[in-house]
Every structure is written in structure tokens, then in C-alpha cells.
Amino acid sequence: MSKEFYINNLPEEGSFTDFYMVRAVSLKLGSNGKVYLDMNLGDSSGEINGKKWDVSPEEEASFSKIKEGDLVKVRASVNEWNGTKQLRIGRIRKYDPDSDKLDVSDYVKAAPEKGTDMFNYVLERASAIGDEGLRKMAVKFLQDNRDRLLYYPGAMRNHHAEMSGLLYHIKRMLMMGIRACEVYTNLDRDWIVCGVILHDMEKLNEIESTELGVSPGYSFEGKMLGHIAQGVKAVELMAREVGLEEEKKIMLEHMILSHHYEPEFGSPVKPVFPEAEMLHYLDMMDAKMFDFEDALFNVEPGNFSERVRTLDGRMLYKPTFKE
Amino acid sequence: MSKEFYINNLPEEGSFTDFYMVRAVSLKLGSNGKVYLDMNLGDSSGEINGKKWDVSPEEEASFSKIKEGDLVKVRASVNEWNGTKQLRIGRIRKYDPDSDKLDVSDYVKAAPEKGTDMFNYVLERASAIGDEGLRKMAVKFLQDNRDRLLYYPGAMRNHHAEMSGLLYHIKRMLMMGIRACEVYTNLDRDWIVCGVILHDMEKLNEIESTELGVSPGYSFEGKMLGHIAQGVKAVELMAREVGLEEEKKIMLEHMILSHHYEPEFGSPVKPVFPEAEMLHYLDMMDAKMFDFEDALFNVEPGNFSERVRTLDGRMLYKPTFKE
Amino acid sequence: MSKEFYINNLPEEGSFTDFYMVRAVSLKLGSNGKVYLDMNLGDSSGEINGKKWDVSPEEEASFSKIKEGDLVKVRASVNEWNGTKQLRIGRIRKYDPDSDKLDVSDYVKAAPEKGTDMFNYVLERASAIGDEGLRKMAVKFLQDNRDRLLYYPGAMRNHHAEMSGLLYHIKRMLMMGIRACEVYTNLDRDWIVCGVILHDMEKLNEIESTELGVSPGYSFEGKMLGHIAQGVKAVELMAREVGLEEEKKIMLEHMILSHHYEPEFGSPVKPVFPEAEMLHYLDMMDAKMFDFEDALFNVEPGNFSERVRTLDGRMLYKPTFKE
Amino acid sequence: MSKEFYINNLPEEGSFTDFYMVRAVSLKLGSNGKVYLDMNLGDSSGEINGKKWDVSPEEEASFSKIKEGDLVKVRASVNEWNGTKQLRIGRIRKYDPDSDKLDVSDYVKAAPEKGTDMFNYVLERASAIGDEGLRKMAVKFLQDNRDRLLYYPGAMRNHHAEMSGLLYHIKRMLMMGIRACEVYTNLDRDWIVCGVILHDMEKLNEIESTELGVSPGYSFEGKMLGHIAQGVKAVELMAREVGLEEEKKIMLEHMILSHHYEPEFGSPVKPVFPEAEMLHYLDMMDAKMFDFEDALFNVEPGNFSERVRTLDGRMLYKPTFKE
Amino acid sequence: MSKEFYINNLPEEGSFTDFYMVRAVSLKLGSNGKVYLDMNLGDSSGEINGKKWDVSPEEEASFSKIKEGDLVKVRASVNEWNGTKQLRIGRIRKYDPDSDKLDVSDYVKAAPEKGTDMFNYVLERASAIGDEGLRKMAVKFLQDNRDRLLYYPGAMRNHHAEMSGLLYHIKRMLMMGIRACEVYTNLDRDWIVCGVILHDMEKLNEIESTELGVSPGYSFEGKMLGHIAQGVKAVELMAREVGLEEEKKIMLEHMILSHHYEPEFGSPVKPVFPEAEMLHYLDMMDAKMFDFEDALFNVEPGNFSERVRTLDGRMLYKPTFKE
Amino acid sequence: MSKEFYINNLPEEGSFTDFYMVRAVSLKLGSNGKVYLDMNLGDSSGEINGKKWDVSPEEEASFSKIKEGDLVKVRASVNEWNGTKQLRIGRIRKYDPDSDKLDVSDYVKAAPEKGTDMFNYVLERASAIGDEGLRKMAVKFLQDNRDRLLYYPGAMRNHHAEMSGLLYHIKRMLMMGIRACEVYTNLDRDWIVCGVILHDMEKLNEIESTELGVSPGYSFEGKMLGHIAQGVKAVELMAREVGLEEEKKIMLEHMILSHHYEPEFGSPVKPVFPEAEMLHYLDMMDAKMFDFEDALFNVEPGNFSERVRTLDGRMLYKPTFKE
């Protein structure tokens, strides 16, 4: 069974049934004293609010088990006021992997490429690093963390917050970084490749993630330290294991420590060699291109988007001549 | 005759004679009541301070005609205290194009590629733009300004302050921008190419320049408006001439207006479509890569540079394993 | 028929009927599952929230045509909780210019003087400019834009967001500017008068406006460029038309470009001649005096206002001895 | 005897003799081991550096008594390098009021109007205040401090740092404030007049001043508290003396406390009634107009000034068409 | 009768009756057109939202007399959705001091020590000041304001917003300040003790307070000036009364004026002697320790708190090994 | 032999001989074309500039070996102009440990207590930590680094830049921290003691130091990472060695990471438990008290200091009644 009713294309009349991811959920008390279920449901095409009215005490018990990040099967119809659509939910239950048997990547927000394909691309580039120490670092990180990399998102709420988002982020930065070495011949490709692969390595331990690529929040260590400080430690430990030279170890730690560039974004130092500087821009460009694509996805040609939180509240424009 | 005594490689003993560019010059009164000439001399390898002591009243008259940006012929010897070298100048006179017949690009700070080669590369890309209106804009700008583009610097004092620096800046941004379109397929190459070519177009009228690519300062209009506001006007006028559609004209103006990104750097608006966003990063990367190369040029492997003014006072590092 | 029931003086008991401007409107789903109409209604004396409960499907269709900025005829009564008044709306329909025949300026927020009177005052000052070029610029702008100037507001939401607000802003700045020339004799009155008249000229094309002086939002060009960059372009084009000298043209453009003073408010350069500096303060003073009058309008003597958004959240004070 | 040799018009050849004010002075050891006297000399037309070489030990003793702010009689000739003029001083001694008998206001930087005339203008406006309490406050302050007001500067180094500068500042703000009440009829003239007169009252106790209007520095209290906090205290004490009502007393204190507007400029609160708001702008305008006049005084038409420290380093422009 | 049902330990089933303080209250119109009462109730253990549905017109009249800061007697039961508890209120009436006879400190948020004990500790330290002038200042302030000090909170909403909070703040700062003098022997204990006692003296006149230590808001003078400027005035007046020397008076005023340290927090000057510097840190430490204790009070070991507004939105951690 | 001629008490007439530390040194070319030696010399009482004129070529060779941080034996006399003293140096040579046999702590800037005494105090407190893991961490750090701790300064140029300065900083923070636990009983003393001891542990590897406690600069790792990131790594490695529990390890790392509090001072996270918060204030207080003592050391009662760079340019005050 494959997905039929995408959120940006729901039937205007009549009811329909399909699977969606729960993006937010709570039971609320209406001002008529009755309980209702208030949810945001999402798929790869967008997000929509839905309500189930007049929840009975028995339903309450069962609905209180539905959590953010769950897949649910929903029967609903669409209402619209002031141009805003909303679902009136009839029936709802949690997805059952045994009986429902979905290919979940059709139903959740996910990177546009297969995790395994992206992983192989990245591993290949890592294996081609000429410097032995750097190659060992990059390859070891990939091999040790293959399972989680295949589904981990790049963030909880910001850019690349989607299944396999972290890997997609690494892969496109890598593509761009390799090209940058063609133009800026003062850059050393080994450092670019290794730096890109490791720069966010501790996102894996800073945020938590379900296997659907949804992050329910930060880990204990993530809250206390953040992936930048964690990454510096992780390089230190791995470098001792693979026997990386002292100077190179500290340079790699510097790349991680400086890649957010500004103190208020978590980097206490600024890059002092060109590959570290370029790493920052590769990271920024990839984040921004993701945010632009994401925010313009459902905008009609000739229109502006809503304010985009991750882009300082800008309203983005899609030209009339874009298909 | 070609250059013999580069500033980063002057003879430690004895005197020598060669041509240098005047980077700063003034006549000063010593605290012994005598006048001396105090200069900074430069070539493509660096810059050095020099002094000519006990200037006579007749010399005063002649030396007062030497200006920043002039080429001068100098006879001098090297002194050193505390690791800082200084020239003791014996004789000095201005370069005479008729009798001295130099290929000046050997003697001044200049982009590493020939101006005409770079111009041809850029013009070729402009001519390949698919959108008719954008192509006309880019090609017209290049053709109308060919002469000055061949030698204009990119700035008075910051990145690309060198002969043909503006063209070098455009060319490398273009190389990188075209590659970015391969990775970020949501980008429209026509807009990237046209935006890169036009983004700094009014630098030609914001700063002044000698034909050696040295800017003595800002123009009247440059001081009153700045190249960003000037650029918006220039697009408006050129767009009316070539008949560019209204929407595209305003989008191009938006690209120019937003490309410095932050209000405090001169952009009152932030980019609202992806090509405008990318333009900013192409600009930043090219500026930064230039600054890094420039600042590390004379640094020995395993050492840090002096503080770099254009990079927030950072001291850059050249690894021991760099040749 | 003239206005009877002002919002700051509604009858506490019984119902009443009058015309009001719609300041905000939406159809909402109550948590009892029924639809209601939620509106903010305004006139020159203030603003009040009103609700019409239990909207039927037929009413929905008709109510969905009521937009922000419309005049509506309303029958309602007043409720009050916790000192906050609210309307319970009985009947409501849109204003019909043919049958209702109102003098709309009684019903909407408008400047306290007639548009035509203010226009004549400003035009007279423009015509009295001694410098030929500046006079042509100011007069041409006024004559070309007379129709819209008569009703355009000065802003969408900030100071002078009212019918004829832009003209009222220009007029009072002009009165103050002419007086400033008496005190600060280094100021050239021609430049003050022309600068004041043109400083916000492109507000006419940055924001849109109904003929009731309500702005539904920014134009395409307004969003992409803003009235400051638009104004620089507009001066350029008009100056070419009337044959203004180069130096004066650039000085006028500088006045417009610098009049917001701070980069974060849209001015990439700061004023460099005294008339440009004074223009900024005339603008600020007029904006602030407007905001103070507006915010204190309904405050009782001896009391503080609510926090005023446009004045950094200040709570303003009206002394006990003010009538 | 009246002044003959103004600094902006000194003879290019030969020596001359006149009186100047000492703006800075120190004895220095030349790098030839000899002592020389290094001074900045000023009059109302400008400032110039001068040096007296080869100071003997006896001269040292006498020169060490010359202080900043003294008038001195100087015999000197003019030298020039790189467009910068400098005095070579032959003889120098301190002014002797008994024998030299100058009208000092010709020799120092001073307001363009007589102190007594300005004082009378201000006192007249104070006496015309309708509100009894406010009138008593303003009149009492003026009468109690007449002597110092006649010569006090408005600052140590910033705007109005000249003889009678404080009074000139008050007078022009008053002229402008009275005019503002004509335009902004919501303003109460009594409050504007009283607020303007008292706003900087404690400058008299924050900075010290010689009777030539030169401030050698801040007082103990000025360094510890600043004139704003001092002013609040001073109003409190004077209000108790004249019996001003509580509400009015606190409003006056608020005007003083808020008139610098921004915390970083010394105002912990922002104005909350319109007269307090206007006071701030009157103060700013007057300071800025002073700085513009001052900085453009010696600039040739068609040129830019040096960077002006008190105007964020701007370079100001004097148009070609200004005489 | 003593308190039985603390908010952090309410019965999960059945209804209960007890007294609570009203933290927020309003009558609201439900979207079913019926009125309900919406309250936040608090005691020393926490705060909870409660609602009384279907308020009748007669009840409306009586409920509209319940204000923030009142004690009320409530009969209610607990509901819970999504882990958030809420009260369904049955009956509610105001506390009657005559018949209810409570020891109110059990029912409100209050400092953990008796007001009189704390007062005696502070007075004792004041009486032990060696310097006569400082001793008179500190003792006089305490004696003149004993009554209000016993119950006044330290703030309206921030740290020490509880009954006797101001005194608790002074007492713990004093304990810490005396210890600081043992370590930093350059500190003069008399100045530390006097400075701590007086630093917030005008909080008594900046905010208003009920005798339950709840502040309904700022006073007129508090809004216009703030406790720092008020404190400077108060020291001036008291110093004149007790005959404190000029230098010491100004130093005390400086301590008050500078103790918030940063302009944006209300201090136009920074401390210039060590006791003034230390006063700032004593104040900060005490505020922060209060906020940490307060925010972690109801957090379970091994968990993070909600975001704490007064601590820049941090989420605080209580370790697993804390009891 | 013990020190006789302290810099703040040099003989006004005649010459003298003693040992001083070189604070800055360079050979310069005078504008009479002769070389001279320009030095700043220091001891525990202050710093003074000195010059040796007419350096011969042989002397040049020998003087060029004198470096910042050396002890030198100097014969000199005092000159004074404008209240500034300067040394005219006759003879100068480097200190020879073999023949000169000084107790160097008399001759250099050093903490007022013996290094070994302070070390023992700190070690005793570390040994008394109740929690086994924390005790092992603190004790191990002290024992492993005893040698360097005895002389290391706390900084290169800021607070505690003196011999044994780092240990003095730790010791006084510890004294204050232990006292803070008496007042704020929510603090856990073990964490305060351990946190204080470890907070700057990697200063030992961030800056370099001679055995006289003078830091010539930052280490490679210090420049690339900084002592905060280095400290996080160091705790990680030591914690693995001593077997500290995971939660406690991360809490210690958090204390180090957060102790500078603001991102712009190097802390990417803010403290989230009370001991981490207090650590920051202990650090700040100790730094500030050091700076105040240091800056006021040579100020006369009733006077202000020069502007203090480390205290935002404040001029500090020493009251008249201070001995």
C-alpha cells in the first residue's frame, strides 16, 4: 500500500483515510467543559491541524498514549475558514508495524535520497583521503556510526530536521566542498573532506532520535555541553585511538570548535586556517539552501511565503516564471 | 628589464636599486629639527618602511610631488632592529614611463591572472545566459566597462585591493557559483551568473583608481551613496534601456541591495530568493579565501601570522606540513 | 447622516446601530464546534472587539466577504468583564456607498485636517523654493501624485497609519522645518523644504492603500526594496527629467538614503550635511509627537497608558492637571 | 589692542606675535636627548601645533608652569609639510591681565553672542512661565547661578565646549522649543521652557571651568554621579525650597533623568510624557547643529571634512554652491 | 487551623477545601457564549490554574471583587491532561480575617525566616558599624522603615517576590558581605554593611505591596524614576539630616547608583571603589541563588526544570544524587 | 642581598644600581639616525620607562639578547617632565643566577603569599572532599601539576599576571567559596571545592610561562582551542583515569565550559546547577578584587587612578580617609 492523500492535496469534500506522522498532540478542555484532541499531522508535503471533538473518558485513556513522532491512521474530513484548512477527525489509531506494513519513508519527512546511497557516497570520499591519519578518522567515524547515520535527522527543529537529514547535510556539503577545492587551490582537499564528515559528528549524541528521524529532544550531555564541545572531546579520544599526530588532532578540534563562527552560536574561537574557514561557509550554505527549498516548497509562483523563523522572519519569494 | 629585488627577499648587506610602489609617504620633522622622508614601499611580495634622512629644502620641493600609488626608483640599503627591517634610502625618483619602460604588473600588487583572460572568461559566461533580458544586462555591463574592468581593484584597502582585483573577484565567484548550481539544483544558473557579474558593478564609480589598480579614495557619489545604492540605480537605468521585465528588474535590484546581508554592512534587506542568498555566500567565501591567502603568503610553516585587520584581528596559522 | 455612537462612548445598556471600520476579522471554530465571527471594529475614537455567535452556513458565505478596511453597518450591544468591553453583534452588513451615503472621514481614523487644505499648504511652500531645480522636483512630485496624497496613510501600522496621514506628516514636518531655519541659520531653507516633501515619496509605492487610507500591506517592490531604496531611484529618474544638476541630485538622494539614520532602520549612510541631519530629526519628532498624542488620547488624567509598542513598550503618563 | 593673526589666516612668511590659548602642552625629550616644548595653540578660528626646540634647564622651570587653558603671548613663524602647518616658536610667555589688557573673548573659542544678552533672553522666558511652581524653579536656578552661566562651557570636549557654551545651548534650545509648541499643540509651553532651562543645570557642578570657559576636567561629584543624577537631586532640593507640588517635582526629575534617552548615554528611563520626549530632541538637534557648524567651519566648498569624532567619524560635506 | 492541601501535593481524587492566594484572575467569555472564572492560585509550594464554569450574573458581580493578591477559600477537585493539572472549582469566597483567623504566612509565599528575626540580625550589624556617619545612616533607615521591611517583597515578579523577601535579600547579602571582608582584606566592612543595607532602600517606594508581601505594581514615582534614582535622592536627604560628610555622602550615592552595574539595567556609572564593586556581586549572587533554589524546588532528581524566565530561559538541572 | 631601590621610591638625585624585570624592550632608530635602547622596567612596586642613548654597534649585538621577562642589573638616574619620570640608563646587563644569587621573588611581581603555603592550603581542602570521585579529580590535578602551579601566573596580561598568580587566584576563590556554602546552604561544598580547583586547570597549557611567572604568550593549543575547551577535554581524560561516574564527569565539564558565563567570553553554555553558577561569581569577584587592589596600589588618598584597561577604562577612587 502506498500513500494516497498528501496533505497539500487533500480532497475538499467527503472523508478519507491515510497514515500521517503526529507533529504535536494534546488533550484540551474546551470552554464548554468537554475534552477534545488537538493535533498537528504531517507528511512529506506539509502539516495540518486537526481536532477530534467530544472525547469520551475511555478514548482519553487511549489517546493519551499517542505521542509526537508516532505514525497514526486517521479518518477525517476537511473544513476551511479564512483560507485556513483544518481536519475534523472521525477515527484515529496508532500505526501497527505488523499489520500495516508501510514503507515509512513515504509517510514521513525524509531526505530526497536513500540513506544507504548517501552513506556510500560519503564513505567513498572518506576512503579516498590521502593523509593516513585523517582518512582513519573519517572512515572510523562512518563505520562506527553507520546504523544511526542512516536515519538520524540533522536537528530537532531547524534545518535538516528530517529522516536521514544529517547524512544529506554531510553529503551535499561534501559535494560543494570538493568543488570549492577546484576553485580555491589553496585549500587542501583532505582537510575539507575530513572536516565536513566530522563537523557535526556529535549531533548523534547531542539530540535523540526515533528511527523515523524525529528528535524528541536533547540528551543529558547535549543539554550540558552541546555537540561542539562534545565533538572536540570525541576527536580527542578517537585521535588517540587511531594515533593521529598532535598538530593534526588539534587542527581538527579547532575545525569543530570554530565551525559555528560566532560566539553567540557556540564557537568560542574563529577559524585560523583556510579549510576551517571554508567549512563554516559550506555549513551555512547547505543550511540556508535547505531552508529556502523547504520554505518555498508549497508557495505558489508570484507569491511570498509566511515568515520563516529560521531565516530571521523573512518572507521568501517564488517568481512568477518558476514552474 | 624585469624585477630583481623583491621586498620579501632583499639583500641583507650592501645597497641595491629597483622600482617599488609608494604605499604611504610623508615629509616629517624629526625631533632634532631636521626634515626626513618617511615612506612605505610595496611590491607583489610585501611592504617595507623606508626613511631618507636630512632632506634639503630643494629635495623637499621635489619629494612633495611623490604621491601614494606612484612607482618610484629607489637606491637603498637594509637595516634591522628587533627583527623589523627598514630601508635607509639613498636616492629616489619617480618612474618615467618614457625612459624606464617597465611591464608594470611585475612591480605592483596584481591579480595572478591576466585581465584580458579573466574578462574573456566572464564575458563567455555572460553570453551563455539563457534568459534574454538577463543576458543583455550582463553583456552590456561588461562591454560598456571593459577598459576599467581590466585594471580596477576590488577595494581601496580590503580584499582584492590590487590591480584587476575586481575582475578576479567576479571570475572566481562565477566559477564557484556555477559549481553551486550543480549541487543545489533549486538554483537557476542564469540568475547566479548575472547576479555575480553585476553585484559590485558600481565599485567602478564608488572608488577611484589609477591604472595601476591603486585606489586613492572614494568618489563624491561613493561617499554620499555607496556602491549598493548606486548599483540599484544603475540596474534601474540599464534595465529601462535593454527592456528588462519589471519583475526581473526588481529581483536584480534586490540581489544587489541584499548582497551584504546585514544592515550594518550596508544591506537594508535580506535575500528572499535562493539565488540572492547564494550570491551573498559566494561573495563572502571569495573575500575570505582572498584574505587568507594574502595573510598567510609570507608566513613560515608552523607559525601564526600577525593579527589580520580584515579578519577581526585573527592570527592565522600555516601548518608545519605545508610546503 | 452623521456619526452618533463613538467607540469610546458607547451606550452601556440596550443595543445601538452605527457604521464602523473593520480593523481585523476572522471566522473561527469555537471549542463547542460552532462557528463565530470575531472582529475588531474601529472609528476615530478607538477600537473594540466584537463577536457574532452561532454563524450559520449561509451567513458564513456572506461574512467571508468582509475584509479588513471595509466599512460595515452593525447592530450590537455592549458587554463588560474585568473592565474590558466587548460587543455582542446582532446584525452586520457591508457599507453600500450608493444607499448609505456617508461622509466617510467621520467614520474612519483620519488626520485632523482636510487633505486638500494640507495639500495646498505644502504645494505653496514647494512653489516658494528659490532654487529652480529643487523647486521643480518638489512641485512635480506633488502635482504628479496629488490624488493619492490626499488619502494615503503614512504607514501600515506605525505612526500616521490613518487617512491622509502621509500628507499630515509632511505638513507638520514642513512647519517645524521652516521654524528650524529661523533658529539654525546655517540651514538652507530650500533644501529643508524639498527634502521634507520628498523624503517619504515612495511610501506611495511601498505600501498599498484603500481610498479610506487603510493599508492592506506592502507592494511587491516595497517588500523587495523598501521606500528608501525606491526613493533613491525615483529621485534619479525625476532629476533626469527636470534636469537637476548632478551634485544636487546626489545630495537629494543622500537625504533620502540617510534619513532613517541607523543601518538597522534602513539607512546605509548617515547624513553628511546639516539639512540632511535636520531632516532626520524633523522626521523623528513628528513620528514621536504623533505616537504620544495617539497613545494618550483615551487615557484619563493621572493615569498611565498601556504599553505602547511603537515606543519601546513605554507606558505614557497624562498628568492630573491636564484637562 | 585687538586680535590680528587668526590661526586660519597666519602669514606664510616671516614671524609674527599674538596671543593664543593653550589647548595642550608638554615638555618632551627628543630622541637626540634634548628637551623641547610641544603645544597646541587655539583661537576662535582653529587650532595649530607648535614646537619650541632646545629648551634650556632654566626655560624648563618656567615653561612647566604653562597649563592647558592659559592664554600665552607667542612669537613664531609657520612651517608646512604635506599640507600640514606647524609653528616654530621663538618666544613665549603667559598672558598678564594687568599689563596686557585684552578683551579675552576675542582670543578664545566662545559662543557667537554675548553672555549677558543670552542670559537676559533666557531669564525673560523663565519669568513668563504661567505655572507658578515651574516659574519659581526656572527663575531661581538662573538667578542663583548667573555668574557661572555667563562663562561656563557646555562640555569638556564635546559640543558647546566653548566660553558661554552652556548658555548658548540653552538659548537656542529654548528658541526651538517655543517654536515646537506652535506646531505641536499638545505640548505645554511652560514645561518645555522650564525643562530646557533645567535639563543640564548640574553641568555647572559636573565639570569644572576656568573663567575663559575651558574645562580642565570633571569634579569629584561629576565623576562619581554625573550631571543627570546630580540634576535629579538638585531638583529635589530646590523643589522643597520653592514648594513645588509632588507630582510636578517628580515630572521635572523625570525630564532630567530621561533626557539622554538611551541607557548607554546615561538615562535609565525613557520619556513618558510629550514634553520630556521633545526635550530630548531639542537637545539632540542643538548638539548636532553645533557639531555640523563647527566641523564645516574651515572646510572649502566642494570638499569633505576630516572624520568628526563626535559624529561617529563621519566626513561632512560642504556643497560647491555654498559661499 | 493550619494548612493541609499544598498545591504540589493535592489529592488526585475527590474534592478538597483550603485557602490559597490569587495569583491571577479574570472573568472570560467562553466560545459557547457563557462566562467562566479563570484563576491562578498559589501557596508556598507552587501555583495551579483553576476554572469555575458557567458563572451566573449574580456570581459575576461577586467574583469581580476578587483581586490578585487576595486570599480565597476554595472547594475544588483536580483534573489532569497531558501531565498538566488543573482545578475544577466548585465554591469560592474571599478570606475573612475576622472569622477565618489564619496565620497567613502558612498560606502565602514567604521568606523561610521570621521577619522580626531577620530584622534584628540586620539592625545588630548596622549598630556595630564603626564609622559614626555610616552607622547613623544604616540604623536610621532600619528604624524608620521597620514596619514595611517586615513584610515587603524584594520585587514585583523577579527574585525575592515573596513576603519579607526584601529583608531576606538584605540579610543574606550581609552574611556573605561580612565573609567577603575576611577574604578580601582590602574591603572596609563598614562600607559593605552600610552599602548592603541601603542599596535597595527605595524599593519600599518604587513598588507597592500588600501586607501579604504581594506587589500589585509600581508606584507613580517608581514608574517615573526607579529605585536607583530614588535611592540617590533618599541618601542625599538622609545624609543632610544625620550630618554625613560630603565625600562619604557622594560615595554612598555612587554605591547605589552603580550597583546594577550595566546601563541597560539602570546604572549610569560603574563602581570605582572596591566596596561598590563587591556590593554588585553580593547583589547578583543573592539574586541568582534565590532563583536557582526557587526554580529547582519542585524538580525531581535527574531532571531539568522548565525554562526559567529570570535566568535567560535556562533549564536547570537537579542531579540524581540530590535527595 | 635584598632589594633596595623600589620603582615607586627611586632617588630623585644621583644614580643608583639595582635589579629589575624587563617588561618591554626594543632597539629603536632615533630621528637623528642613532640607535637607542627603549625599555620598560618593573618590580613589585610598579613600572617605569628607561632609555639608553647612543647605542654602539657592539652594544646592539649584546642588547638584542635582552628579552621581555629577563631580570637585568641596571645603573641609572631619574629624569622627570610633566610629572612623568623616566630613567636615563648608564649601564645594563642580564642577571646571572650563578654570581648574583638573588631571591627572585623580591624582584618580580608575585603573589603576596608563598607558593608552597598556598599549595598546601589548596591540597588540604581537596583532600577533605567527601565525594570520592571528585576528591580523586582535585587531588590528582594538584599532585600532577605541583611544580608548575608554584610559579605559574594566572594570565598573560590580565588579572593575576604575576608569579604564583594562578595559585593565589585558586586559593582566594576557595576561601570565598567555602564561606558561600555557609550562607547558601543549597550549595554542595564538594562541588564548589572541586570546581574551583579545576576551573582554570588548562591555563597551565594555554599560556606559556617562565619560572619567574612571566608569560611570553599563548601555546599552540591555547591559540587554537583556549583553556575552556582544553579543560573539558582534560576532565574527560582524567575522569576516565580515576573512574568518575558519567553524570558527575559531565557536570564537571559543564562547570568548566560555563564558568565564563557569556558566549563572547568563551562559554557556549550557561550554568544550570547552583554550584556552577556560584563558580562564575567566585571567579569574577576574585578577578575584580585583584584588579581593584592592583590599580589602586600606587594611588594617593583623595585621588583617582588612570583609566584601567581591564575594568572598562574606569578611573578608580581611593578615599581621603584611606591610609
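We just call them A, B, C, D, E and F in the order they show up, numbering each chain from 1.
Here, contacts are C-beta pairs under 8 Å (C-beta built on N, C-alpha and C of every residue); 3 or more make two chains touch, one makes a residue touch a chain.
Only a predicted model underlies this, so the values are computations on that prediction, with no experimental measurement involved.
Residue numbering at the subunit C/subunit D interface overlaps substantially, since over half of the positions present are found in both copies.
Distance between subunit B and subunit E, defined via averaged C-alpha coordinates, is recorded as 61 Å.
The distance from the centre of subunit B to the centre of subunit C, with each centre set as the mean of the Cα atoms, comes to 47 Å.
Of all residues in subunit E, those that touch two or more other chains are 28, 30-32, 223-224, 247, 251, 272, 304, 315, 317. Contact between chains, using the touch rule, shows up for A-B, A-C, A-E, A-F, B-C, B-D, B-F, C-D, C-E, D-E, D-F, E-F. Subunit B contributes residues 28, 30-32, 34, 36, 51, 53, 79, 81-82, 86, 304, 315, 317 to its touches with subunit F in the complex.
Across the complex, subunit D meets subunit F through its residues 26-33, 35, 60, 64, 223-224. Within the complex, the subunit F residues that touch subunit A are 220-221, 223-226, 228-229, 232-233, 236-237, 247, 250-251, 253-254, 257, 262-269, 272.
Those residues of subunit E lying in contact with subunit F across their complex are 172, 175-176, 179-180, 182-184, 186-187, 247, 251, 270-274, 277-278, 281, 284-285, 288-289, 292-293, 296, 304, 311-312, 314-321.
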